[in-house]
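The data blocks that follow each hold one structure.
Okay, so chain A shows up in both of these, paired with chain B first and chain C after.
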Partner chain A sequence: MRELNLIACIKSVPDPRSSFKSEMDPKTGTVRRLADEIGIPRVIGPLDRNALEAALRLKELAGGRVRAMTMDSPAAEEALREALAWGADEAILISDPAFAGADTLATARSLAAAIRKCGPFDMVLCGAWSYHGNTGQVGPQLAAMLDVAHIPFVTHFEFVSDTRVRARSEWEGEYAIAEAGLPLLITVNETINQPRHATLMGIMGARGREILHWDAATLGLPADTVGLAGSPSRVTGIALMSTARKKEVMRGDPEAVVGQLLEKLRQEGVL
Partner chain B sequence: MERPRASRNPEAAGGAKHSAGWRRLLSVTSEHESPWGAYMEPERLGGVWVCGEQRLGRVADVAFELTCKARSLADRLGSRVTVAILGSHIEDCSNRLIALGADVVLFVDDPRLEHYQSDVFVPVLQQLVKEHEPAILLMGATRVGLDLAPALAASLGTGLSAHCVDLDLNEAGQLVQMVPAYGVQCVATIICPKSNPQMATVKPGAFECVPGEGRKGRALRLTAESAKVRSRVDIVEEGTVREQGSHGFDTAEALVVGGAGVASPEGWGLIGQLADALHGVVGATRPAVDEGWAGLDQMIGHSGSSAAPKLYVGVGVSGDMLHMIGVAKARVIVAINSDPRAPVFQQADYGIVGDYRAILPILVSKLEGLQSTYV
Partner chain C sequence: MDFRLSEEQKLLRRTVREFAESVIAPRVQAMEETGETSKEVIGELAKQGLLGVCIPPEYGGTGMGSMARMLIVEEIGRVSAAVAFMLQTMHLSIDPIVSAGGDEVKKRYLPGLASGEHLGCMAVTESTGGSDPAGLRTQANLDGDHYILNGRKVFISNAHVADLFIVVARTGEGAKGLSAFVVEAGTQGIRAGRKEHKFGLKGCTTGEVVIENCRVPVANRLGDEGQGLKVAFAAISRSGRTGTAGTALGILAACLEAAVKQANERQLYGEPIAKLQGIQWQVSDIWMDLQVARLLCYQAATLIDQNARCDPEVAAAKFYATEAAVRSAKKAVDIYGGYGYLNEYPVQRYYRDAECLIASAGTAEVMRIIMAKAALG
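Let's turn to the complex of A and B:
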């Protein structure tokens, strides 16, 4: 197999084992995450871990190079350092105050510019969705902008020749097996692999390694195409979901409250 | 009420090379015979569009739900509803779509649309959008919709929101898209003020199908004429992983869901016992799946299954929005949680504050007692 140029797009998230809060910025209408302020460590997002793992396994099989990139504030360096500790060859932080408030379209546009700057690639791997925004839109948007084939929701893939990939996608009880030539973008599901943990050697090795910082000027992106200015979508506010539920809360002796509950459920006719 | 389309951004150039033509195959039923001589009449349909797809022989339910919602939006905007269904040998569901509110149904029927591939579907829709300039374009948040919508939005350079749980209009006639906000017990509202179409994917089950009386509409079958449409992805095989609803989420009358608060594999056994006593099924929240207590296919909520049981019992469930939207249609919601401040109590009909390990055994034995009385 020939050597492969691989790119894993990741998003850093506050460590999901910690509790954190989000709040709206009333001025810009974007969701501000408070993790930076309260010092929760940033890690690679759940499905993005699978994407990076898949890229690294492919490199271990075929040889080549894995670049991990993210568009975020400088706090995301922690997650990129984790990627280096796992075995990524290069880490790129796409960061600029002008990128703030980007919707998925502006995010994909910035990532596409960074990928083009890296030169020709064989595969781009992304998580099928992120846990924060949860839209799952950036991968397909990126493929459209890079004008490459893409296969979503991949649970398994293999090379059928040096330049052709066969992949299985799964979503809500359906599956598809598809083939496509390189270059190719795939978004991966969490069942594709079991992501590794960094070894002590890896963590030591990643210390002091350079993380590339690319801003809007480096990427040649005009200010009105990035961040809030380049985003067609606007978050206008937060609304409470109208839940017309009875909200009757019972407490006390278990025997008694269970009796009350069963009486209510009988009256509702659901038993 | 319709606004001019914003100028296209540079990314749009990619799709132009696929400029497709349309050939009218036939009008579908005599009942709805089209007064149109040919499809390529200069009329611009505009208005509210729903795009559905036929997969594995049927049109997904969400297309019907969205048609009904599109009708109510279009009535407020004073515009039309167009439903475009893409596929090959598409079942004729025009009567149902028209009864639900479609003014025009376009079956884009072409052998190349048998399997979903974004390379083929995107230019077909791009062409329709270019010709008809819809103000709003809605799709289901299905496997196809979640892939097709972002690829199309990127090609058109317009905004898109994902997994909407509700839709509305503001005073300016802009589509207000409500998406679940992570870690927050509410929804974020999103608009797309400067470009059309305003696009959204919508969670299946978010809207009801209510047919109206005496509605009239037109149905047409079209084919994409351009031979240039060629996919870079070849589908080798497709099918269902499991029978839809093999966990019974679709049909179960009772659903017992365990969450992070169950906190042990032993406790998970009690969840199963309660489900058995209720003749129901077991579901899980994401933390419970992450802990390995339940399978990924048992996950209920935003990125899992939805259910509409008569009775939902959440045990050790915090009430995260991303889970609760999956059971929004349950008739009665019961929550059992030891934390009196758990947000789930605000979203439940009946809550019990207490340790589920004390409560569930009593509940199970009383339920079994009830049954033996009736038998």
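Let's turn to the complex of A and C:
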């Protein structure tokens, strides 16, 4: 197997172990980073951990290079430092006040520009969706902008040749086997692997390593293509979803009640 | 003074916390039931590099030092005090080799201790009591280029999993008549003896080390002849007491989390018991004890990293953190009411584990003597 040039796109999120409140800015339709304000640590997002782990395992198998990349505020350095401690060779922070308020399309546009700046690549690996926005759109948009094949919701993949990957995609209880040639983008599910923990040697190794900072000018992106200005969508509101069990007691002759139950289940679309 | 952790220390804490929750927590119940050390856990600790935190990089460790070690032991202690205590005991056995071992001894043993290929334990205490090491009876008689050791050590943590023993034995009279040796477990004449049945720290075994005509090369002596007590005391203060204090910190953090959870979830008179001042006083006491213990422990660890003389500060950290862990665990059990007494809730384990720490690495009274000497001059 030849050496691979790999890029893991990660998103730093407030540590899921911590509790904090979210608040929306009604003017911009973006979520205020209250977690940052109260000092909740930033960690690599849950599925992005799987993406980075998959990239690192691939590098350990074939050799090559793993770049970890994120578009965020400077607070995301914490997560990139963790990526270096895991074994990433390079960490890139795409950051500019102009990127603030970016929707998925503007985010993908900035990431695509940064990936192009890195030069030729073999695979881009992303989490299938983020812990924050949960849209699952950035990965596919990025693949389209880079004009490469995309295999979504990957739970397993293997190389069938030096330049071709076979992957198993799983969603909503179904699965599909897909093949695609390199370069390629995959978005991964949490069952693809068990992400590692940084070792002490890794943490020591990450000490003092440079984290590259690229802004809009570095990436050659006009102001109206990034951040809020470059975002065609707006969040109009955030609501808390509540779920409650529906209870209904049916009384009477068991045979008649069973019939009623079956009818009810049909009406509800269960059967 | 800057009390904030550095970015690297925060990453270390977070990483070890994740590791402890995903790797150690699922094995705690089995350790509780069997009392046995989990070999799998030791393997994982080694893989993460946690055994070699105080071993210099040239011998295979990371040399991250005492403050990093404090964070590690605290985070592991938050999930399992037994594993934290086992780990800190391994660090304790490494300390005399790093501080007093010759280059050959360091090269021979430290890489294996860093990688987990070898596990160590410290064998000082005898049945005469741990608080009077000057009264040790184990003999080391010089015979050519070997010493012949005879004696029996008690209350030795990790004795039954160790590949290396750091043994302190008598080569002369009085406190200056003691010497320290590295003894490999496979050496004829040394073996683990009776395994004790403890009511806490289940998963960190404790027992006897029986030494009968055990021939140990002179090259395995740590420091000069007669320096054994100095070597052992320095290691016990620097690593044993801080490690015990770090374990207690972990218990304190776990007590606070458990107490807060129960206070917020348990309903009484139609609202969470957290609304009751009687509960708030208990929770605030635990919170305060954790803050004070952390400050003392982090101060002690930082002073050690600065090579400062700090036996009284270490004694204060060990005394306060262990006593605070016991009283906070008692409060956590009380907040749980009858449930606190059930095995399915962890607070009873915190209480049992905390009690074991009071007498370890020097009793509370010994800590008071050290602090009194510093205060009175």
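Assorted remarks:
Following the convention adopted for this analysis, the second predicted complex is superposed on the first by the 234 of 271 C-alpha atoms of A that agree within 3 Å, B and C clash if a C-alpha of one lies under 4 Å from a C-alpha of the other, contacts with A are read in each partner's own complex, and residues count from 1 in each chain.
One rule holds for everything that comes next: contacts are C-beta pairs under 8 Å (C-beta built on N, C-alpha and C of every residue); 3 or more make two chains touch, one makes a residue touch a chain.
In this text the structure is predicted, and so the values were computed from the model without any measurement.
Once the two complexes are overlaid on the shared chain, A:174 sits against chain B while remaining clear of chain C.
Judged by the touch definition given at the top, the superposed model places A:147 against chain B, while chain C stays out of reach. In the superposition on chain A, A:105 contacts chain B only, with no contact to chain C.
Once the two complexes are laid over each other on the shared chain, residue contacts for A:267 go to neither chain B nor chain C. When the two complexes are overlaid on their common chain A, residue A:200 makes contact with chain C while staying clear of chain B. Note for the complex: chain C touches chain A at residues 7-8, 10-12, 14-19, 22-23, 47-50, 52-53, 57, 62, 64, 68.
The part of chain B that touches chain A in the complex is made up of residues 6, 9, 11, 14, 55-56, 115-119, 122, 142-143, 146-155, 157-163, 165, 176, 178-195, 231-244, 253-254, 296-297, 302-303, 305, 310-311, 321-322, 325, 331-334, 340, 345-354, 358-359, 362-363, 366-367, 370. Put simply, chain A touches chain C in their complex at residues 15, 17, 41, 43, 77-78, 81-82, 85, 197-201, 203-204, 206-207. Against chain B, the residues of chain A that register as touching in their complex are 20-22, 24, 31, 103-105, 108-109, 129, 131-145, 147-153, 166, 169-181, 190-191, 225, 231-241, 243, 245-251, 254-255, 257-259, 261-262, 264-265, 268, 270-271.
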